[in-house]
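Common to both upcoming complexes is chain A, partnered first by chain B, then by chain C.
Let's turn to the complex of A and B:
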């Protein structure tokens, strides 16, 4: 399974993506969780305390391409090798790889970004599932940074700004002829909100996640919601999202 | 006074910006609210509603249309493509992403 989470900032992408990755890994799948957001996020919901580590500079080497300076993975290193070597091992056996984070006023991310992009071009295939977390909004064009995904999960809260973002992402996906794009209604308080999310984004609803005060508590504690409340509403809802995708059931 | 509001996604940047803008405007200050997010939602927080916010033309796209006549100055650009929000705040959207393909992170 290869999925990527997109949506407005604060809609709950990272919380759901991290929980999803661990729940999936808990079934025995080999899971690689990818965070391409230059702001920290996914590490917290995975329960990994290394929130600020991109690929080391040594991952890539500079070369001269007809007068242009370019970067490639260093001699002998493949994307799969980079995952084996640099991905952080997290709870439930999740492998975690993140884009470098912003440091200082003039943060030079060139090497880390090229390294990450090259890894995306050569991800481990058979036997691996990929769960990606993209930055909020439409800033990071998701067909590029989420090009590994066969399903995009657009996370939408039943608020006007989140619905509008979901609609924009759906439109971008349509122009790019993206693979399957579905919406997940998040922070739902009433069932009619789920219908609204489907109607207003024009996307097929994969499922819904209820508003969960325990998720807020976990966030404040800096803990993964799956560790804080393993059988709670969020964990339960994410398990059922995963079941829908795994069984290939047609989402409603 | 020129203020920029920054922070993590979902932490309340847009809401804070909107309340600041309307508060200044109510105090009688001429206030320009600039939405610099490529996924612009500030109009909703200012009270313009979802549909109006969705229909706003980003200044960058306005410039890109390549008309000869407009955009003689930044003020002119805001006058022509900005909208008036409650309390007399002027809102202008700077940029919106229309293309799902390559770009910076």
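Let's turn to the complex of A and C:
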């Protein structure tokens, strides 16, 4: 299973992706969680305290391509090798690889950016599941940061702005001929909001995650919701999402 | 674009993309004030700290931290600990703002007297005062 979480900033991608990765790993799957957002996020949701440990600059080497400056993985290093070497081990056995995080006026992530992109083209295959947390917004996630995915979960909360982003992502997915793209209604307070999310985005609804005050508390404490409230509403809903995907059941 | 919009008597309010990318690319001092908006969560405070450091290093302008969705004293303490010595505006967690957001109505129209809205009005007025002029 290769799943990418996309949606508007603040919709809850990192919280759901981190919980999903750990729940999946808890079933015995080998899971690689990928954080391609240049701002810290997924590490907190996974319960990993190393929030800024991206690929080192020497992951790539520079070369000249007909007068153009290019980067490739350094000689002898493959994407799979980079994962083995640089991914952090997290709770439930999740492997976690992150893009380095932005800091300071002269931050330059050119080498990290290209290194991460090359790794995305050579991820571990058989026996691995990939769970990706993508940056917020609509910047072509299907062809760039999420190009490894076979399933995209568009995370939408029932606000006009989030619904609009979900709709635009749905259109982009059609243009990019992305594989399976479904929507998850997040922070749901009333059941009719789930229907609205499906109608307004034009996507099939994989499932819904209720508004969960315990998730807000976990976020404030800097803890993974799965550690803070393992049998709570968010964890339960994410387990249901995973079951639907694993059993191949058609979303509603 | 921000620099070109500057006119005497004109106030420009820009809502930037999430993260630091746009702020990092600002040059030529095109802004007077940068309002870093955070929530009292570990993730948001970490991002906000990075934004505040960047604004200070770059000398972009006056720095104000607006903490959104503050529920209680613990939340306020988390924000204060993350930004010692900085101007803080605490916006209370306000169901009226959430309801307005969900119905697609501007909070200022939906609930102008709600505590969260009043806090934001005070921010705007404060920036127009002597320190922000």
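Side notes on the structure shown:
Assume the second predicted complex is superposed on the first by the 248 of 252 C-alpha atoms of A that agree within 3 Å, B and C clash if a C-alpha of one lies under 4 Å from a C-alpha of the other, contacts with A are read in each partner's own complex, and residues count from 1 in each chain.
The rule is simple: a contact is a pair of C-beta atoms (placed from the backbone, for glycine too) under 8 Å apart; a residue touches a chain by one contact, two chains touch by 3 or more.
Here the structure is a predicted model, which means the values were calculated and not measured.
Of the two partner chains placed by superposition, only chain C is touched by A:51; chain B is not. By the document's definition of touching, neither partner reaches A:34: not chain B, not chain C. In the superposition on chain A, A:9 makes contact with both chain B and chain C.
Within the superposed three-chain model, A:21 lies out of touch with both chain B and chain C [touch as defined at top].
By the touch criterion defined above, A:136 reaches both chain B and chain C.
Look at A:172: by the touch rule set out above, it reaches chain B but stays clear of chain C. Within the superposed three-chain model, A:222 lies in touch with chain C and out of touch with chain B [touch as defined at top].
In the superposition on chain A, no contact is made by A:156 with either chain B or chain C. Residue overlap on chain A between its contacts with chain B in one complex and with chain C in the other: 9-10, 38-39, 135-137, 160-161.
Only residues 8-11, 36, 38-39, 99, 109, 113, 135-145, 160-161, 163-165, 167-168, 172-173, 175-176, 178 of chain A touch chain B when the two sit together in their complex.
Put simply, chain A touches chain C in their complex at residues 9-10, 14, 37-41, 44, 51, 101-105, 107, 135-137, 158-161, 216, 219-222. On the chain C side of its complex with chain A, the touching residues are 17-21, 24, 39-43, 46-47, 50, 53-54, 57-58, 74-75, 78, 101-102, 104. Listed in rising order, the residues of chain B touching chain A in the complex are 8-11, 14, 37-39, 41, 44-45, 49-50, 53-54, 96-105.
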